[in-house]
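A, B, C and D are the chain letters, set down in written order, and residue numbers restart from 1 in every chain.
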Amino acid sequence: MITIDLTDQPIDVPAALQLVQADGAGAVNTFIGTVRNKSTGRPVVRLEYEAYDSMALHQLRKVATQAQELWPMLENVVVVHRKGTLQIGDVAVIVAVSTPHRAESFAACQYIIDTLKQVVTIWKKEFYEDGDVWVAAHP
Amino acid sequence: MITIDLTDQPIDVPAALQLVQADGAGAVNTFIGTVRNKSTGRPVVRLEYEAYDSMALHQLRKVATQAQELWPMLENVVVVHRKGTLQIGDVAVIVAVSTPHRAESFAACQYIIDTLKQVVTIWKKEFYEDGDVWVAAHP
Amino acid sequence: MNLKIALFGIAKEIVGQSVLEVNAPNDQPVQQLLEQLRAQYPALGQLSSLAVAVNNEYATDTQLLHERDEIALIPPVAGG
Amino acid sequence: MNLKIALFGIAKEIVGQSVLEVNAPNDQPVQQLLEQLRAQYPALGQLSSLAVAVNNEYATDTQLLHERDEIALIPPVAGG
């Protein structure tokens, strides 16, 4: 089962973990990305995520489906991404996968977060004391 | 910060995730091991974990410390292992680590769970409809 | 034909609006649209990457655009 | 000397008790204790592995045992 969400509300981590569990899957790997208090050494005060919603949801589902093709033993996949304004420590993204054995849970979860960062149409603006930057926009 | 626990009470997953978070760490990787409804194809009805407590706690802390030496950017490590009788779907173990960047969170978490399984003095008995087995006891 | 192009992130800031209407010859390939936009908004040419999405999929440079496509300009993404 | 050996898991089941008291010569190495126990309880010899822990650390075969050590027999672990 694949569950995908893009939300401007705080991500409910326990709910995501509940959703991913399966009686046939003994291993659950979860990646949680939170807002750090600095970026390349510069203090961050807050973040804003903007999304192209329909494409982001479509691409997230595609990445999860690809993971299920690559690891057919994958039971459940949950991916929830936050958008809007986030403060330090807020959860920006959660990826959770369940598999019968643990090695595949690590590999599939890492594949999903790595691919998500390459293809999912979400943009991040970091705000500092003295300015702001669209992350990764310029070489 | 390293937090280690061995408990005969249900593992509080949200509390563990709360403990591992750090404002300087944008990446949290978590491995959760749950009781599967089958083992090598055989239906499992419940599990029992027995521990040599003092040594298990000592070895768990040692594994976590080794991980911090291998990945000096590791912020927090939380490892909680359950003991006693567990039912299908119950959480047997949680390993959670936080790091500034994500690749290290996956590597450190996987190192800890892999090493835990080799050295930590915990024994698992699987109960089936028609018998029981100490897991890994015999070749 | 008339193309409506959705803009996001820094591309929206550079162009100064969230949807851009562009008049283009029928069956224009993606590559030509990108060239036209970079000529009109030179700051787009300074981005690390700039892709075009058609109906929620990344388009290739040679893909032909049609009036009823949902088209978007995709500056470097930074989710996660 | 008198050694008290803590037993766990299948080793406890094989021996039928959770602590075993063994009389051994002073400074007995780990290897000899294991041989003695395997001779006394042949089922221990059929396990995938059998280690000895001294004061919460895995002991080497040549390590010498002392009366006040906390000694335990460690059958194959299966945590996680």
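By our rule, a residue touches a chain if its C-beta (ideal position, glycine included) is under 8 Å from a C-beta of that chain, and two chains touch if they have at least 3 such contacts.
If you're wondering where the values come from, they're calculated on a predicted model, not measured in any experiment.
Asks: Show me the overlap between the contact partners of chain A and those of chain C.
Replies: Shared contacts of chain A and chain C: no chain.
Asks: How many angstrom lie between the centres of chain C and chain D, each centre taken as the mean Cα position?
Replies: 71
Asks: CA centre of chain A versus CA centre of chain D: separation in Å?
Replies: About 48 Å separates the centre of chain A from that of chain D.
Asks: Per the centroid of Cα atoms for each chain, what is the distance between chain A and chain B, given in Å?
Replies: Computed value for the inter-centroid distance: 23 Å.
Asks: Which residues belonging to chain B are in contact with no fewer than two other chains?
Replies: Within chain B, residues 33, 102, 113 contact more than one other chain.
Asks: Specify, in ascending order, the residues of chain D that touch 2 or more different other chains.
Replies: Residues 80 of chain D touch two or more partner chains.
Asks: Under the stated touch criterion, can you name all the chain pairs that qualify?
Replies: All chain pairs meeting the touch criterion are A-B, A-C, B-D.
Asks: If you look only at chain D, which of its residues touch chain B in the complex?
Replies: The touching residues are 6, 8-10, 13, 46-48, 53, 56-58, 70, 72, 74-80.
Asks: Which part of chain B faces chain A closely enough to touch in the complex?
Replies: Against chain A, chain B makes touches at 13-14, 17, 21, 23-38, 88-89, 100, 102, 105-106, 109-110, 113.
Asks: Using the touch rule from the top, collect the residues of chain B that touch chain D in their complex.
Replies: These residues of chain B touch chain D: 33, 49-52, 54-56, 58-59, 81, 92-93, 113, 116-125, 134-139.
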